[in-house]
Each structure stands twice: as C-alpha cells, then as structure tokens.
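One chain, chain A, appears in both complexes that follow, with chain B as partner in the first and chain C in the second.
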Partner chain A sequence: MSGLRSFVVRRLLLGALQTVAVVLLVFALTEALPGDAAVALAGDQPDPARVAAIREAMRLDRPAWERLADWAAGLLHGDLGTSLVSGRPVSQYLADGFGPTLLLATLTVALLVPAGFGLGVLAARYAGRAADRLISSVTLAVYAVPEFALGVLLVTVFALRLGWLPPTAVGYGTDLLAHPAALVLPVLVLLSRPVCSLVRLVRAGMIDALASPHVAQARRYGVSGARLRYTHALPGALAPAAQQLARTVDWLLCGVVVVEALFVIPGLGTVLLGAVAERDVPVVQGLAVVFGVLTVVLNLGADLVAHRLAPRAGVAA
Partner chain B sequence: MRRPRTGRFALGAVIVAVPLVLALLGPVFAGDPGPRATSFTAGGALGLGTDFVGRDVWGQVLHGGRPVVLTALAATALAYLVALPVGLFGALTRRRLLEELLMRPLDVLLAIPSLLLILLAATVFSPGAVGLALLVALANVPDAARLVRAAAAEAAARPAVEALRMQGETWWRTAVGHVGRSMLRTLAADAGTRLTGVLYLVATAAFLGVGVAPDAADWAVMVDRNRTGLFVQPWAVVVPAVLIVALTTGTNLLFDAALDTGGRRGADRREKEARP
Partner chain C sequence: MHDDTTRPLPFPALRRRGFLAATGAGTLALAGCGGGSGSDDGGGGGSPKKGGRLRAAFAGGGASETLDPHLANLFADVARAKALFDKLADYGADLSARPRLAEKWEPDKALDRWRITLREATFHDGRPVTARDVLYSYRRIADPKRAFRAKASLEPIDLDASRATGARTLEFVLKRPTAEFPNVLAAFGAYIVPEGATGFDTAPVGSGPFRFVSFTPGRSAVFRRYDGYWEGAPHLDEVEFLVANEESARINALLGGQIEYAHELNPTTARAHENEGRIGIVRLRGSAMQAFCMKTDRPPFDDPRVRRAFFLIADRRELVEGALSGAGEVGNDLFGKGYEYYAGGLPQREQDLGRARALLRQAGAEDLKVTLDTSPVAAGFTEAAGIFRDQAKKAGVTVEVRTGSKDSYWSDILDNGTLCCYRSGAMPIEAHLSQRLLTDSSTNATQWRHKDFDALYQQAQSTRDRTGRAAVYERMQRRLHAEGGFLIWGFADWIIGTARTVRGVGTEAPANTLDWARFDKVWLA
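The block that comes next holds the complex of A and B.
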C-alpha cells in the first residue's frame, strides 16, 4: 500500500511541477522578446498609438518578474487577463469557443474508445489472418497522415464528388448539434490518428495477453471464446491502452486546431489561431495555459489509472 | 513472416519514392515560372491548372516538396544532436543528482503539446524555415532524450560495460564505442517513428501558416491557400495533399517494414522501450 501511496504522491508532485512549468514556459515564450516588445507585437501595424496601447496594457515598463507574479496571481483567481485587440476578457473568448470544441472532443473520445478496442480485439483474434493484416496495414498507413491532408481529400470525395456531406461548417454558427451532417467529416478526421494508435496498442496487448499463462489456464478450464477475450485477456491489455488514451490528448489538441481551421468551426482552436495571427498575447497565453493544464491533468489521471491496473509495469513518473 | 515483410517494404518504398523524388529533384526540372495567368483556371502543364494567384500548379508542385522534406530531416537531426549527448550523459553519469538535474526538466517539458509550443513561439516572432526546424526539434528533444537515456541505461547495466570501466577505458570509448553501438537498433526504430512525427508536425505547422511565407511554394501551404478554389479547381489542392499523404504513409510503412524483426513493432515497441 505504501508503494502505491508513494507513487501517487510522486506523480501528483510531478503534475504540480508540470503545471508550474506550463505557466512559466508560456510566459517565457511569449514575453521574453528581444528589443521593444510592444513594437514587435504591433508587428504589421506599428502605429504609435497601438504601440503605446500595448505598452500600457501589458505594463511593459515594469520588470518581467513583477508581470509574471501579477499574471500568475491572476490565474490563481481565474483572471486570465484581457485581449490586446478587443479589450474583452480572455475568459469570454474561452467561453465563446468552448462549446464546439467540447462537442468535437466528446464525440471523438466517445467513438474512439469502442472503435479502438473493437478493432484491436478483432485484429488480435484473427492475428496473422486476412482481417488482421487489413486492419494492421490500414492503421499503420493512416497513423502518420496529417489531418489537414486527409481532411481535404475526404472533403473532395464526399462533399465535392458525391455531394453527401457539407464541405465546411460555415453558416451553422456554434449550434453544430442541430446540423449533424456537418460534424461527420470533422469527427472522422479527428479520429483518424488516435484510433490507429489505439488499435495497434490494443492488438499488441491482446496478443500478449492471449498467450499468457493465466489465459491458457482459463482456456483449460473451458472458458469460452468471448468471455475469455473480454474478461480474462482484455484487462491485461488495458494499462498501456489507458496511457495511450491520455497521450492522444496531445494529438486531439493538434487535431482540433487543424480540423477547426479546415472546416471553419468556431471553437477554441479557431480562437487560438486568430489570436496567434493578431499577436494577441494575453489570449494566446490564456488558451495555452488552459490547454497545457488540461494535458497535464489528463496525463496524470491516465498514469494513475494505468498504475492501478498494472502496478508492476512501473509507469514513468 | 518473411514474405509479407518484403512485400510491405516494397510497397512502402514505392509509395514514398514518388513524393521524395519530386521533392528532391523537382526544383531541378521546374525551369522558369511562366507568366501569371488568371486564378483557378483549368489546363496548363499536365492539366493541373493554376493556383490562387494564377501560378502554374505543376510548377508549384515541383518546388513545393523540398521545404517539407528538408525541414523535417533537419529537425530530426537537430533533435538527436541535443538528445543523444544529454541522454547518454544522463545514463552514464555516476552522480545521481546530476542525472536528475538533467532528466527531470525534460519530464516536465513533455507535458507541453508540441503544436502549442510552435504556435506560442509564432505569436511573438515569425519563424522562417530554420526557425520552424528549430522549434520542431525543440518539441522532440524531451522525448528523444528520455528514450536515449532508457536505452543507454539498459546497455550500461551490462557486465561488459562494468568490465570496460574496471579496465580503465576512457569515457568516450565506453559511451560511444560500446553503449552507443549497442543501442543503434533502438535508435533506428525511434528515428523512423520520430521522422514520421516530425513530417506531420512540419506539414501541419506550414498548413497553419507558421514558418512559411503566405504564398510559398510548399505542399502544405498549397493545400491551405488553394482551398478557396476547391470547387472550381480541385487539382491545386488534391495533388499536394496526395503527395503529403504518400510521403508520410510511405515513410511510416518503410521504416516499419525495415525494422520489423517479426516480433513486436510499431507503437508497442515504443511503449516498451520508452519506459525506464
């Protein structure tokens, strides 16, 4: 028990450190500018009024550590700052983009788990035969493809050639649930990479588990096919898969940004890209902290679950 | 297992050959760009038509592969240039504190999604191709260094290394001559997956407009900019998109088949070895 507790404490400590690191790194990357930061940020439109406004808004006359302390203190109170461009609070930007992104992420994860485990178990069941070879080759091939290339090709086929689905979500606003057809391609593209990686992992874990002594023993007792696979072998394949599920958060984030840009969905990814293009530092910082902390928390959760499932595996902490 | 492997190897090689040859030799054969025509017209060289500013799509395709491939190769090499010494030193140093000081910050960095890192940097300055390669390399260093350290620690724990140490061999001969050599296989496997990941990241960043000029001859930029004319002139989008798919898929298939020993492979192999 003490081993488990010390692992949990160590992992929580690492999570806390990672959160601090995310905040520090976001600040360092966006504010450690050479020369006059306000001029650099004004970028394409360096008119004196804008430069002065940025200097005022970011309080550039004060030392960096003071600004960092202020910003971090604000974060603790849930105050993410205000936009340089519109003057609106960053939290409002987050609230605006939250709905569509949450919808996309929820749908993707909800489909990812059954699809990943289903195909993985199927491939393991017919290991070495045609079904397995097909699943393995396709997942290996699609695994590496960038979402934008896959997405654009799918749009060409399904929206342009066949006319089955709308090419983008333009005109549907944030109420995407009312237009399920517009969600098919984005979710499909978002699923492509995580599904492939999960299928390959589940397949490998299942093949290992099916060959393990305890499953062989269960087979000798006469436990039948499906029960053998799902109650005896699958739990052994769960730990690495649970971890991979969290690793896909990184991919989902990349994917969401790309997919929202590709299908013109007004979610957090679009807000982030817009802020990057306008050099709206407070908005980018706020979104980056939210995304970064989310990644840290989900990875933490997955490591704890994986440790619970397979305490011997020595999950990296 | 012999036959399917060579089959997959050949398939991967064929798929990756087309975009690779186009990327490396394309600019040689492209010749001078002709005069600009109207945007998104059909016809032109090979019937591929013109792009969003009226340039010949085929000419852009010939020029557009090189930045993707070269940036990805440079970023992969740069990542190992940092990760190899850090990981080797971390595994071979006798001082536990030094190892912790070297490796723990990398664990912390692992938490930051790679595209987020790139977008953050792109907010405050406009990275060129070199900047993009550096950023992508930076995003890959923590993971690569961890992998090197894990592989090296495993090799360094062998009796042979202990014997070399007792014999008074130099650090260089022990680290590079023995430990380095014995983890070549692991490194080659990782290099394959890493190159695939780097290609993904470089292309995606370019698609989002990071590290490239808005009208650059780059397959990913072509996909992005010519999307507006998808319904009029699909070739300007489809051809570069297919080439990017072929490049990434082919690379992945090729490395997977080349390194397949008939046992574990792919994601499974990485999971196993990434863990100390």
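The block that comes next holds the complex of A and C.
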C-alpha cells in the first residue's frame, strides 16, 4: 500500500505542476491574443484616449509579469482575484457557473454509467448476433452526429413539433432543478456521444476479456456464465472504461459550450467564452485553475480505479 | 487585483455582441422614410390591456453585466437601462431629439448657454427628479477617471460652470455654440440617476417606467411597473429581460412560448416565419449602416479619383441581397438615410465599371491591389468583403480580403490598413459628423481631416435657424457624397420576433431611439 501512496503523492505533485503550467500557458496565450480587456471593452468606440483611460483604470498599464505575480500572490491566500470588467470576485463567477454545469454533469453521468455498461455488456454477450449489430451500428451512427446538429434536431422534433418539452432553459437559469423538463434535451445531447464511445469500449473490453487466458481458466474450473461475465471479464473491461469515463466527466465539468449556448444554460462554458472574448484575464485564469485541478483529480481517480480493477495493467505511470 | 481595496470602477457591461449599440447595429424604422404615420402599434390594434408579464430575450449579456446605466454598451444593457431610467431627451424615429425628463430647452442668443426646465417626475423611491440629480449624473459620466461611453458626447458641456438655477431648472454652459445641443441630452448612455447614487446592481433607483425587482447578471432582470411614472404607468405588470446569445435559442424559445419578445433575429429566420402566423415579425427598417471605409490620407485612397472609382465599383443591390440576405435597402454613400437633415435629393449612385476603370486610369492606378480588412464582428461583414472583392475584379482591381480578430477589430481598423468593413447604428447625422469626420474626431476611421469641413460643422452649430442649418449639412453631405471616405452601400433591417399576444411594439424605431425596445407602451392581448 505504501507503493500506492507514493504513487498518489507523486501524481498529485505532478498534477500541481501541470496545473501551474496550464495557468502560465493560458496567461501567455491570453496576453498573445490581439487586443486586451480595454480594447475589448471600448468595442466600436476605440477612441485611443478612452482605451488608455480604461487601461489605466483596469491597471493594465502595468507589466504583464507584475499582474501575474499579483494574481499568483492572491491565489496563495485562496483569492482568485476580481474580474477586470465587472470588478466582481472571480470566485463568484465560478460559483455561479458551476451550479448548472455540475447539475448537467451529474445527471449525464448518472445515466451514462448504467446505459453505457448495460448496453456494452449486452452487446458483448450477444457478440455478432442481432442485438450486438443493432447496438453497434446505432452507437456508431449517433456518434457521428455533431452535438449542435443533434441538439437542433431534438429541439425541432420534441419541443417545437410535438411540444412535449421546452426548447430551451431560458429564464430558468437560477433554478434549473425546478424545471426538470428543460433538462431532458440538454442531457440527451450530452449523453449521446459519450454513451456511444463507452458502449463500444465496454463491449470490446468484455470480448477481449472473455477470450483471455484467465477467463478461459475460470471457465475450465466450471465458473458459471453470469459469474464469469460479471466477476472475471467485466473488471478487465472496466479499466479502460473508467479512464474514458474520467475524460467524459472532465469534459462535462469543464464547460460544454455548445449545449449551454443552444439551450441557454449559463454554466462554466458560457463564463469561459465570455471571459476570453472580453480578455478578462483573471476570470480566464481562475477557470484554468479550476479546470486544471479537476482534470488532475479525475485522472488520478480513474487510474486508481483502474489499478484496483486490473492490478497488472497498473500503475506503471 | 487582489490588493485593490478601493477599485474605482467596475466596467461591466461590455460584451461582444453589442458593441453594436451606438455605432454598431442600430436599427431603424423608416421603411418608407417619412411615410409613416408614427403609429406604434406593432400589429393588431385594440385598446391596451393592463397586466401580465412580458419576457424579452436579448443577445449580449454575460456574467459581467451591470445595471449601471452609464456603463450601458450592448442592446441588452440599453433595453434594461431605459426601463429603469430616463434621459433628458431621446431620439425620435428620424433621430431628432424629443423632450423627455426635460420639459423644454431654450438657448441664449449665442447658442452656448441652454436653460433646461425639468418636468415633474419622481424617482422610484418617491423623491422628485431635480436639477441637482441631472448635474450629478452628468458629472459622474464626465469623470476623467472613468471611461464612460457617454463622456465624449457630453464634451461640449462645461460642467464646472453649469449650475442649477432652481429645483427644476438648470443652465448648461457650453464650451462653444452648439445648436444641436438637444442631441447631447439624448446621447447614448446619458441617463439621469439620483444624486449620490453609486451602486446599481442590488437596488437601482431611477425615474423610468419600471422599478427594480431582481437581477442576476447574464441571466435575468425582472422589473415591475412604476405607477408613479410621469408619462403614465406601463400596461404590463412586469417585464423580464433574459439573455440568450444564440439566435437559434431566441427563436426556439419564442416559438416554444418561453418568451414573448426576441430581439435580433436573422433574415432567414424572419422569412421562414413571416407569414406563418405563429409569431409576429417586426422589421425595423434601414437602420444599421453598412459601409466600406477608405482611408483618405494614404495611397491609394488619398486620390479622390480612386475613391470615386470605388463608389462606382459597388453593386449595392447585390451587396444587400448577398451580405444582408435582402433584409435592408441600398445606401447612397451618405449616413442616416431618412434621418433629419439627410440629403435625400442627391442622385442614387449606381455601379458603373466603365467609368470606374477610366477614373482609375486617370489616377494612374490600373492593376490596383488593395487589402480589405474584415472580421466576423458583425453580421454580413465577411460576406460583404467577398462580394466586393468579386465586384472589384470586374474593374481590374485586385482586392485581398484579410480577416481579423473580432474582439479587437474596431481598434485595429481605426488607424491601420487602407480599406475596411464598417457599420454603425443609428445616431443623428450631426453626431456621425462630429464623431467621425472632424479633424479632432475620436473615431475618424476614414481619416477625413479638412479645415474647411470642420468650419462648416462649426457654422452649422452656430446657426440658430433650422433651415439654415439644413443647408449647411446639405453642403457637407454633398462633399462626402462626391469624394468622402465612406462607401455606404446599405442599411440593414433590425428584426424582432414577438408572440402573437404582444401589442404596441414600435415599428418605426431604429435601435437606440426612444421607441425601440420600449416596453411601457407594450401590452399583452
């Protein structure tokens, strides 16, 4: 177990370094974009005197390293800084955007796991037969449809033609849970592609595992079909699936811009989009920190799960 | 920024889409310019019914939104600001100033002192609107430490010398004669707030037709009818402003009954629903000026013959059909078609490639190559650039289209390059001249600097008589039409969708004018 602990510690340190690197990179890239927050704010009134005044008021006239150092010093005290544009704390931006994002992600994962594993196991069990062919071809087809197209299609059919569901969540921003019907279509769109990749991964993993020597050995010992599948073959298939799942959760939490825009759900993706367009560097950096930490933690979690399920595939990293 | 204890100013309010507001994307009613009766019933008649809540979706807002009216920049900001606050004056459909909080204005003989009488109006907390509130508001806007958008518009006022002469009377002292001073009172963002007001996001108090209920930046703002409104209480009980940046989301929400008013729809959407009967389509015609800017101070456009050749290269009908999907009308290289003082008597310019070639030959500019800057910053920009490139080819001019970043586009093209796509929302012709075409103009994108032209502007501003002023403006416009730097090829419609129950939406109301996005006269049938 001490081997595992040192692995975790090493991974966390590496993750912290990675997050720092991401934040530095994001800062450098935002600086490299044409225009700054003052230019973006001045918009179609780029009177040079006004831009200079805005720049001074935002204290953007200081050198980049100084602004970065200031921000980093604040971060050490747990202060993510304030938005250049509104003067409100960045933490408030993150908190406001995180609610809808977390809600969507939770619902999506709650449906993704049973659906993905269930269909994957089903397809593997009937590999090569009608059920498998149906599942495989449908998942392949759905996977090929871009989210935006699928979203528009679902809205047109289920909201505008049939009138079963609301077309957007506009106006429900602060209280999405009170309007569950508005969440059905966004969650379906979010679910569509991850469920396909997960099903295919689980199916492939199961088929591989069922053909593997240790399962063959178990079969020779007379282990029953169901037990064979669920206690011997499935864990082998779970390891890659867990990593895929971590990537999906990461994607869901780091802002799903298309779905948020299409259904008017003001989550982290919307915050990010706005902040980049406004060159609101502190908000972009705050998001980079959050996304960096999330990615590190989720991947570490996935590796640990994989390690637990399939020790030999292990922890080589 | 963490160590900033006394941050002087947040700058909310500035998102992408809406830079359109003042310059960007105006809108104009004026379909038949002047033919309108001024009726503002947007479809359906009947007598107004009281009550109900109207939900209106706008593009633009984000988590940085604010209700500070002086920071208004986007259409969504202005729509909220005009519900909560008033200006001293506002623009009619022809962009002439109409009295609002100011009951009347009177200049002295020299046109550099104006006496304003305020009407009897109250703020939402019951306090009367006084001359001191006006002075406070204008001084706040003009604060040199803050970069409020309206500051440039208020520049003619000497605020230190201006003073209240009574509770409801004040005298503005101006730095120079300004015959068009009422335009300043109607300027974009020049709202009157109560004396001493600083924070606006938790409980803003104004004198507008609606009072504050709640506000979540980037999501929703709910306002309730103010029964004490000086012009009479609104018909609606409540209005809710919602943010939906995607056009598809706005139209879907409207079709699905989630909102009653969708601002800014695409021409194709409008066509698809125009006669379907599910929703109402309101076209605020001829509003957003669409142009190419030629920098008149540098080759090749420092030669007026080249500018005239470019005027003749443009097939305006094709540009309107292609870049605006037909939702607009052609321009005649002059700003403000249908506005007060517009030189409507000048002949409509048409494409004439033969003469264009001849002019280029005279100028020694055969085989001319120019770079046209464009950007996805506004609808139709990149399309217009492509169409113009093909038109120019027919006159032997090679146009290379260069696409720039939309976040910094306006600043990038101000002094750089030679030719660029440009657009502007509604503003008085006088404001267009003073902001863009004088030697010391702050956004002189055509680099048009002529002492005699400046002198004409001053002459107009010193001319008391309206007819006399109109004659001077006409002279200025003739010159611009002949050899200016703005190739103004069209005016885009601004398109609004409404639920079938909505009545009283102004149809002759360019964006930025009084009746645009005005909800106190709207009712639900």
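A few remarks follow.
Assume the second predicted complex is superposed on the first by the 256 of 317 C-alpha atoms of A that agree within 3 Å, B and C clash if a C-alpha of one lies under 4 Å from a C-alpha of the other, contacts with A are read in each partner's own complex, and residues count from 1 in each chain.
Everything that follows uses one rule, which is that a residue touches a chain if its C-beta (ideal position, glycine included) is under 8 Å from a C-beta of that chain, and two chains touch if they have at least 3 such contacts.
Being a predicted model, the structure only gives us computed values, none of them experimental.
In the superposition on chain A, contact of A:Ser86 is made with chain C only, not with chain B.
Of the two partner chains placed around the shared chain by superposition, chain B and chain C are both touched by A:Ala261. By the document's definition of touching, of the two partners only chain C reaches A:Ile54; chain B does not. In the overlay built on the shared chain, the residue A:Thr270 is in contact with chain C alone; chain B does not reach it. In the superposed pair of complexes, A:Leu103 makes contact with neither chain B nor chain C.
Using the contact criterion defined above for the overlaid structures, shared-chain residue A:Leu14 touches chain B, although it does not reach chain C. In the superposition on chain A, A:Val170 makes contact with chain C only, not with chain B. By the document's definition of touching, of the two partners only chain B reaches A:Leu25; chain C does not. In the superposed model, A:Ala141 lies in contact with chain B only, and not with chain C.
Comparing which residues of chain A touch chain B with which touch chain C, the overlap comprises 33, 40-41, 152, 155, 160, 167, 261-262, 275, 277, 279-280.
Residues 33-35, 39-51, 53-54, 57-59, 70-71, 73-74, 77, 79, 81-88, 93, 96-97, 152, 155, 159-160, 163, 166-168, 170-171, 173-174, 261-264, 266, 270-271, 274-275, 277-280, 282-283 of chain A are the ones touching chain C in the complex.
Within the complex formed with chain A, the residues of chain C that make contact are 1-4, 7-16, 18-20, 22-24, 55, 57, 62-66, 73, 144-147, 149, 151-152, 216-220, 240, 242-246, 248-249, 252-253, 255-256, 258-259, 404-405, 407-408, 410-412, 414, 424, 442-443. Residue ranges on chain A touching chain B, taken from their complex, read 14, 17-18, 21-22, 25-26, 29-31, 33, 37, 40-41, 133, 137, 140-150, 152-153, 155-156, 160, 167, 197, 200-201, 204-205, 240, 243-244, 249-250, 253-254, 257-258, 261-262, 272-273, 275-277, 279-281, 284, 288, 291-292, 295-296, 299, 313-316. By the touch criterion given at the top, residues 4, 8, 107-109, 111-117, 119-125, 146, 196, 199-200, 203-204, 207-209, 220, 223-224, 227, 230-231, 234, 237-238, 241-242, 244-245, 248-249, 251-253, 256, 264, 266-268, 271, 274-276 of chain B touch chain A in their complex.
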